Every structure is written in structure tokens, then in C-alpha cells.
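Chain naming follows the written order as A, B, C and D, and within any one chain the residues start at number 1.
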Amino acid sequence: MRKKIKIGVIGAGRIGKMHVENILSNFRYIEIKAIADIFADNLKEWANELGIKNIYKDHKDLLGDPEIDAVLIFSSTDTHAQMIIESANAGKHIFCEKPIDFDLNRIREALNAVEKANVKFQLGFNRRFDHNFKKVHDMVREGKVGDVHIVKITSRDPEPPPIGYIRGSGGLFFDMTIHDFDMARYLTGSEVTEVFASAAVLVDPAIGEAGDVDTAIITLKFENGALGVIDNSRKAVYGYDQRVEVFGTKGCITAANDTPTNVILSSSVGVIADKPKYFFQERYKEAYIDEMRAFFDCIINDKKPIVTGIDGLEAVLIGIAAQKSLKEGRPIKIER
Amino acid sequence: MRKKIKIGVIGAGRIGKMHVENILSNFRYIEIKAIADIFADNLKEWANELGIKNIYKDHKDLLGDPEIDAVLIFSSTDTHAQMIIESANAGKHIFCEKPIDFDLNRIREALNAVEKANVKFQLGFNRRFDHNFKKVHDMVREGKVGDVHIVKITSRDPEPPPIGYIRGSGGLFFDMTIHDFDMARYLTGSEVTEVFASAAVLVDPAIGEAGDVDTAIITLKFENGALGVIDNSRKAVYGYDQRVEVFGTKGCITAANDTPTNVILSSSVGVIADKPKYFFQERYKEAYIDEMRAFFDCIINDKKPIVTGIDGLEAVLIGIAAQKSLKEGRPIKIER
Amino acid sequence: MRKKIKIGVIGAGRIGKMHVENILSNFRYIEIKAIADIFADNLKEWANELGIKNIYKDHKDLLGDPEIDAVLIFSSTDTHAQMIIESANAGKHIFCEKPIDFDLNRIREALNAVEKANVKFQLGFNRRFDHNFKKVHDMVREGKVGDVHIVKITSRDPEPPPIGYIRGSGGLFFDMTIHDFDMARYLTGSEVTEVFASAAVLVDPAIGEAGDVDTAIITLKFENGALGVIDNSRKAVYGYDQRVEVFGTKGCITAANDTPTNVILSSSVGVIADKPKYFFQERYKEAYIDEMRAFFDCIINDKKPIVTGIDGLEAVLIGIAAQKSLKEGRPIKIER
Amino acid sequence: MRKKIKIGVIGAGRIGKMHVENILSNFRYIEIKAIADIFADNLKEWANELGIKNIYKDHKDLLGDPEIDAVLIFSSTDTHAQMIIESANAGKHIFCEKPIDFDLNRIREALNAVEKANVKFQLGFNRRFDHNFKKVHDMVREGKVGDVHIVKITSRDPEPPPIGYIRGSGGLFFDMTIHDFDMARYLTGSEVTEVFASAAVLVDPAIGEAGDVDTAIITLKFENGALGVIDNSRKAVYGYDQRVEVFGTKGCITAANDTPTNVILSSSVGVIADKPKYFFQERYKEAYIDEMRAFFDCIINDKKPIVTGIDGLEAVLIGIAAQKSLKEGRPIKIER
């Protein structure tokens, strides 16, 4: 029997719990040795049921355990950079939910710590592991569309988050579009050089009052000459709308939405098919598991993670440019 | 923490192992306490890795453990009836892979033992738990197609099993079509009254030499007046082809194949989509888990199983009639 | 300017008028010189508007015009054989609506007259000219599915004809399925050797009282070993359901229904697409034109028609066997 | 028999000939009385074959015929405004191919002449009559998507025109995107207020050397607050790619491409469907006929045309803004 990898989890809110349960169900070669959460007391029963014994209030207790090989950081965004630095300094491999931070210096500081410690670092851009998008990516790499000319990303949520959440989210571009910025880079394999953001408050005036927008079209230019466009909405009444299209000299690849079933009813009112899967929990269920599988694989087989710290940095660079473009009403070049 | 249900597994060949691993990954409230298999020695390492301690050569050792609540029978078909009878007599709830037996008396004997012991009994018609077919069934029950007039089932394997397997399989109707006979009853909610089987050896002459057919069209009549048709092939080069259609007074429901992704490539040669998932392991992955979930739910919440012994009996009745129809070249009425 | 082919039309009911208007709109090299119809008086205004001058009560007047190269027979079915014989004897090329007759001797008599006169003869199996089915046929011929193992034809009308019509129609098999019998031969390129018909009255009891059935599943065996199945209903509430599927050693070809548009609405209730085109007038609009184009092409370029008298004879042979199978409750071999 | 409308055609190049033949095949109540073309001599045989007797070199001869009710202007773009003015002054109803002109003053001059003469004027934005796009438009008007938030238009040609053509075409925005600008207004029912154009030379460097671009993404803002995006390419190897999507508070409507058939081949290499119809002649065949039908209907029943002079003016206004945006690298507001 292979020696188990021992894992420590920092932050066990909704997304942290999901990951913990995914790991227990899917990776028998992984042991979750400890969880650190500032609300540790609330986690006791849940952790006990799962057979996880060490529950800490202070993440330093977890980082101090020399048996722990890797940490998974699911705490709030404002703590990510700090947790990365401390984990790297403790010599742990790191998986961190996106984004690293919204401050470029803070991101660079965290990545420097990772580099110095020479540990594995993977960022939680889970959509790169979606079966559809991964296949589009692979087909583009295999040359199926030839040179890429146009990339189009549709990304619409089924409903907006609470206004309170929006206020602290960093805004549409950092909370939602950041995944699409990463997807654009992932699919084209090229860096974004210019951004133009067009946006509006069309879903809910309260979102505007909170200083954010809820509908956006963002145009991108890439280093390799390709053009891109992302369209976002906080509210698609038919469910989570997540599609991509890559067009090039040899053809066009599209990825349609996943649906719960392939059942179609033809009746006197029309031919009716399933709506897309409702939201990210349903659509990206397997992708969340597969990103963990990839991370553990990097540790076990000493591989380079598929999502790196640079990917996290680049997405924020694009987000900052989009924000500035929207504010100033003009396209913004990205400076590195 | 809820008390775990304790399970004994009889037979750990390919399908048995799959179920065991599914259970360990998905149902933390289930404990697999023991496995009985005549080749027990070969299972030690695998079972040890999974943390299953009790490995018996003789299933009687397993049935003698009073802590075991339920048994899962995955041994060879010719032992099913015997195992059902012994398990029922030992007071265990029973999940058994299909079919119960090919002999009607033997089936009835087994079902009588189950009834006398008053234990839960579920048969392994896993396709009833497929997300697509379950939805078709539910929509038919909800009246979405009105009265059912026509049911059509396409069921084609990606490649034939080895000739050796075919010789012992009971033939196409009992090995392959039996699932479709059950599906026909499941979707229409009505008993089959007459069968006409048309078949041929078109895929591989060796199948004919083994006394079987590899291509078939079977017409069904139902008690409620509906008509049905099943088409089978042992070899569809594009993958596992599993579709159904239910047509009635208010409309028509179709379930298309599942595919690995929704990605489409438009190129100069055409518009190319994914082939269906390759075979039952891929297509019915979730269905195998869901049938176990349903079985455990019956035990925990004292519910009636979705697939009963009668379902097993009826499918064999239809199979026998189909066999006779093919031999005699005429439609055969089913006598109960 | 090329010399125009001069045409005489026998019978200008609904279907005849449609053909006449199609010809005037699409084939400028065709002149409709005369129309013969027993209700000639009612046609005057319509024919005048179209610029057709010669309207006869008696088809003999039309056949007696030596300038007329070809006749199109759209009169009632019971007159077809007689009209074919007289037209052939008059040396005219002949297009005749299906079927030639229901009586095999009468059909043979008509075909003999055609053969003796050595004129072109094309029968109105318009579905062979449907863009979808023609492409399936062509792909099968090109070997895209390899050897054909299974052919499946779905053919359902949006609503039954009036009971009066059904009484004189010859029954479901001769009125409706006859197109599917021809399609089965067209797609497989092989003759039918055995038929088993299963049918019921499920749509409207009045159809049963008129001595007919309204729902049917017909199993076919072909000379080349392939199996086939046709399913029919007189009433599909979602529209005209006309699909085919050909399965063989190298793959499977399916033709889905045509729809008015490709527009899809995703809303909170589902993802809704167009229903199939409503009935044969919409679905086979282009096919009706293309069968005429093919007929004129045969005359101009001295080609063999795509639908011959033998095709008409064979379809009736299958229909007679299906009728007998239904009556006697057993499969019927076709004798030639 | 209804009195025929008498038509004069100005310009009988490729597009003019197509319209003339469409009219002769589809509208028996229309008489094409005369054609004027500077290369009249080359048209004689073709016109004679069609039965059109009056062929003029000088359009004034045609406009001078008091019997002619309406003219169809298919001459070169630089003559459109002049022809409109003269035709209006001659009291003829006018159908004119798009665009009216590229010069705003010239357009206004032409539209003033039309207004003063009080004749019908319809512009050749044929895509408004496409069955798919018309249905999207109608569904948007019926409120099926609620308030429109996002409109997306994909418009890609199968191959670029000759470089010589490109030089005189006015550039991508005026030659190709102008249809999409009109489509954006047609689908949203709202005026464009701001344009940002991003474009590149990716298909063929020769297009760049001719001073044009071949790939573009154009972002639009609408008066009603909606956002829009158009993506263009001069070369889609899989055929003419013409899709639209309208997203709003109640859902999303998409129109996919038309294909020659609905036939699908499932083989060992994949599931292969038809490519889109090849180019505008195939895709918009019916739309070209339907725009003529609509124009004649306006004359006969005194209706307002569906595509007006203002529609022509607005599309050019957007094109000028897009051109300026591309040149200056910033979004441009549209001033009216």
C-alpha cells in the first residue's frame, strides 16, 4: 500500500467543505490530517463524521505539523497571499483558491515566497479542468483550428449573489470575469495585450448602487494577433451559461452547455430540451475533483502544475486593465 | 454519527469490484464488512488496500455473520438463485445482479424464499437509474406523452464479447436484450403480451456457429395496447448506442446518447461531434452508483425497491418467448 | 432558345394543381399545353390565370394531341392503370402519382404497355427526392455505413385524414406505409423477402370501425440479410415525423426532421426549438419539384427514371404481404 | 386576372440577374417590362430567353416609360444615389440594393427625393427576410426574451473576395459588417449610440496592403442600454457562418446556421453533420425572394416597407463610426 499524502486544509467554508468531501470520496491515497479555520468550533461535528481528527483555530498549528505535505487554502481572499507566504516558508506544497490577491505587489510577494521555497503551487482556476473546455484547449493545441483568429467566451450566472457579497467581491471583473480572462489565455495560449470593457447595470439597480456593473462585453487583443470577446451577465434565467468558441484558419471549435439529461420532448407546443446545469456546483462538479487530482499528481510525480502563479497574476492584470477601461471609456494596454 | 449499514459481498469479479469501489467512494454510511469469493486468495491485496478485512472462500461464513445487514450478489449467474435463497434464509436484505436465473421455476423458488423471509430484494437492472431513461420514465408517468402508443429502444454494443462468453451467456436475448425487455416494461408501465423476434448473424459468423445471433429486431405488444420495438446489434463501431423513444397521444420523448463532451469542430470536412460514451462502464457509471444508493435507501427508510423480483421474472418470460419466436418463426404470446 | 417540352396533365385536383404551379414556377423549358379533368369546368379560371389554354373533359382529347410529349397522371388511383395504358399506347412519356394500382395484374398490365411503347415512366415516390433521404441513400451507396444491417423508418402524420377518405384509401399500408416500403427498398438497395405487421387502433376508434388501423410496427427482412422496421402513426401532435436510420458495419446514418427555422429559445421553462415542418406539403415542397426536374431530365437526356414501374409493383407486393400478416398474425414471405 | 405590376430593372450584373430570375419564377403578377444596363448588348440573349423585350443602354429610357410602376436598382454602388433621385423624380417606386451610398449628404439627398416624390422605397437588407433572423426578431418583439441586454452577431464569409473588389468595396465595415449593423438595429429595435472596433489582418496580408482588415470584433452600445458585439472574418473554411443571439431578462434566443440536410453519420471517427450552407446565394436564397415579395406587397397594398431609407442611413452612420474607431483606437459616439 502506497504511503498516503498528508494534507492540511486552511479554511472550511462552503467551497472548502466541498473540496474536503470530494477528496475523501475520490482519493484514497490522500489523508486529510488537519483543518484550520477561525470558526473551528462549528466544524467539529462535520469533521468528526468524516473522521478528521485535528481541527485548529490557528493555521500556524497546522503549518507546524512536519507530517503535512501540502496545504489547500480555501480561506477568504484577503488572507490568500499571507497563507501562501507562510505555507511556502513552512515548505508545504500549496493549492490556493483564486484569486491570489487583487494587489499586484502582494501577488508578486506571494509568488516570490513560493519560488524561493521551491514548492508546488496550483491556483484554483477549476474551469481549465472542465471536460468541454479542456477538450477545446487540447484540440487548439493539436492544431485543429490552425492559427487562432477569434476567441469568444460566454459566461453568465443564473442569478446574482447578494448585494453584500458584491460589495466585497472586487466587482464583476474580479469576481466573475477573472475566470474568463484565464480561459481566454488558456484557450489561445497567448497573452492579452489590450482590453476594452463595455458594461452596464441592467439586471438590478442595487448592483449599480453598490458600485458595480452586472452586464459586460469585454474585447481583448492577444500577443499572437488574435482578437477575443467575453460577454457576462449576472442573471441568465435559464441557468448557468458557459460556452466558448475558438475560430481559426482551419475551422471553429465550440463547446455548448452541459445539461442534466439528453431527453427531448416533442409536443404540440414545441420541441423542448433540458436547460443547462444550474450553477457552478453542478456544471463544474467533475472539474473540481479533476483539479485536485492534477494537484496531487504534481506532488506525487513531480510535475509542473497546469495552473501556475503567473496565471493568477496575469488574470488580475487583465482585470485591472478592464476596470480602468470601463472607468476611462477607452481601450487599455496591459503593461507588465 | 449514524450507525453504518454492514454489507457482505458475494462474488468479486470485474463487476463486483466496480460496485465495491463505488460504495467505498460514495457511501460513507455503508461498511463493507466481508467479501466471499471462491478465488478469495486473489483478492487479498486489493481488499487490504481498501481496508476490507474479512475475505472468505465460502459464502456461508459471510451469511453466518449476524452483524451483516445485507448481501450484494455478484457471483456467476448460475449461482444467483442459490445465493438468493440462502441469503434470504439468513435474513439478509439482497441486491442481486441480473438475471436471477434462466429457469422460471428456479426464479420462482428464489422469489418465494425472499417473500417468506420478508427481506428487501433489488435486481441489478441498472439502466432504470440512468439519468436519461429515468427522466423519460418520469415524464411518461407525469403524462407528458399522454397514452403511450409506441415505444422504441435502440441497444447496440460497441463490440461483441469473446465467443467463449457468448456460448455461456444464454444468447443475445438473455445476455443483452434482457435489459431492453426490462426497459420496455419500465417505460410503458405495462406488461408484454406478445413477442415477435427477427434476427440474423451479420456481425461475425463465429457467433452463428456458437448457436447465437448478433443482430435482432424484436416487436412487442403490451397489455395496454401499445406497440414496441427493440433493435440490437453486437457491434456499433461508433460506440455504445443506447437510445429510447416513447410516443403517445400528447407527444414524443426521445433520449439521445451521452457523449464525453459537447465540443463540436466545424472544419472543411464537416461538423464533427463526439461519439457516444464507449461502453456500459462509461455510460452507466452514475447509474451503477445510483442503483446502490436506491438499495441502501430501501433498507434505511423501509421502502419498496424500484426493481423487484417480479421485474426479473418478467424479463426472462419475454426472453423465453423471443427465443421461441425466433426458433418457430412466428409471434409468441406470453403465458403467465 | 431550346425547344420547350410540351406536357399534358390528367387530373387537376389538389395534388395536380400543386404540380402544375411548381412546373410553371421552376421550369421555363416546359410548356403545359393541356389539362384533362372530368371537372374541367371548375378549372377554367385557375387555368386561365396561369395561361393554360386547352382544358378538356376527356383525356382522349389530350392524348390525341401529337404535339404533347409527356403526360402527368394525377387523377384518382382507380384510373391510374387505365391512363398509363392509354398514354403509353399514345406514345407519351408518363409520370404517374403512386400507386399504380392495388391489383397486381392490373399493375403488370400497365407496365407491359409502358414497356411495349418504350416510353419513359416515372412513379411519384417523391420522398426519394427529399434532400435528407437522398443524401442518406447516396451515403449508403458510397459505402459510408459498410454493409447494411438495420434500417429504421419513422413515418407519422400530424393528423388522420377524414374517415371517408380512409374507407377508400386501401388502408394504412397502401395509403401511408407504401411510401415507407419504397423508402426501405431505396435506402437498402435490396428487395424485401418477409414482412411481419403488428398494428392497432389507438388514435381514433372510428378508424377501426372503418376497417383500418392507425398505429403500426412492421418488421422487414431483406434479400441481402438486413433487417428493417417501420413505425407508423396517423397522429403525431408535434407535426409530420419523417426520420430514417441506416446502420451497418461501418457506422450509422440518421436523418432528422426538417424544421421551419433553427431558432432556439432558452427560458426559465426549458430550451425550446421548432417543431418539424407540419405536413407533406411543407416537408416535401422541394422534393415535389425535384421529382419533376428528374422526370424532365430523363426525357431530355434520355435517362432511366429513378423511380420505375417495378418500384411501384414491389411496394404493392410488400403492402399485400403486410395486410396478410396483420390478418393472419404471422410473418409472410413475399412471392414474386 | 389581376393587373400586373410593371417593373424596370436598372443594372443586370450577377445580383441583378438573380433577382430577375427569382421574380419570373415566383411572382406571376409581376411583369419585368424593361432592363437598363450600360452593357446592354451582353444581356440580349439572356433577356430574350426570359421573354424580356426592352433592353436599354440608358436608364433614362426606362424611367421615361410611364407604364413602369417601380424600378429595381442593382447597378454599381456609386450610381445608387443618382438612380434613386432620378427614379423618385420619375415617380417610380424604388427597390435599391444596399448601400445607398457611403456619403451621408448623398444619402440624405437621395432620401429627400424619395420623400418628396412620396414613392415606396425599400433597401436591400435581405437578411431581415431570412427565416431564422426574422423569427428571432419576431420573438424579441413578442417579449420572449424580455428586455434585451446583449445581442451577439457572428458573420463570417467562406472566402474573401478578390483584392480588386476589396479595394473598391469601402472596406470590411461597409462591404460586410454593414449587414450586421443593420441586423443589430433590426433585432434590438434600438439605435446604436457608440461603437468600438477592434480589427486585424489575419486572413491575407494582401488585404492589409489594400488598406483593409479581414477580421474584426465590433462592440456596440444601444440607446435602450443594451450591449452588442459583432465578430467578422473574411474566411471561415467550413462555410458561411451566420448566427445571432439575443439575451435578455426572460431568456436567450439563438439562431444557428442553416445546413443542406439534417443527415448525421456516426462512424468510428466521430459524429459528422453537414457544414453550413456555403455562401449567401445558398443561405439567403429564400430571403432574396421574400424581400421582393415584401416590396411588391408594399406597392400593391400600400404598406410601409420593412427596410427604409433611414435604415440605410443608420447603417452607414455606424460604419463611419466603426472606421473612425479603428483608426483612432477609441470608442466613437454616433452623432445624428
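Things worth noting here:
We take it that a contact is a pair of C-beta atoms (placed from the backbone, for glycine too) under 8 Å apart; a residue touches a chain by one contact, two chains touch by 3 or more.
None of these values were measured; they are calculated from a predicted model.
Between the contact lists of chain A and chain B, the overlap consists of C, D.
Placing every chain at the mean of its C-alpha atoms, the farthest one from chain D is found to be B. Annotation: 58 Å between the Cα-based centres of chain B and chain D. Centroid to centroid, with C-alpha atoms defining each point, chain B and chain C lie 43 Å apart. The multi-chain contact residues of chain D, meaning those touching 2 or more other chains, are 236-238, 241, 250-252, 266-268.
By the touch rule above, chain C contacts chain A in their complex via residues 236-238, 241, 259, 266-276. Residues of chain B that touch chain A in their complex: 1, 24-26, 28, 48-50, 131-132, 135-136, 139, 144-145, 250-258, 260-268.
Only residues 147, 149-150, 152, 156, 196, 198-200, 202-203, 215-217, 219, 221, 225-229, 231, 233, 235-238, 241, 247, 249-252, 329-331 of chain D touch chain A when the two sit together in their complex.
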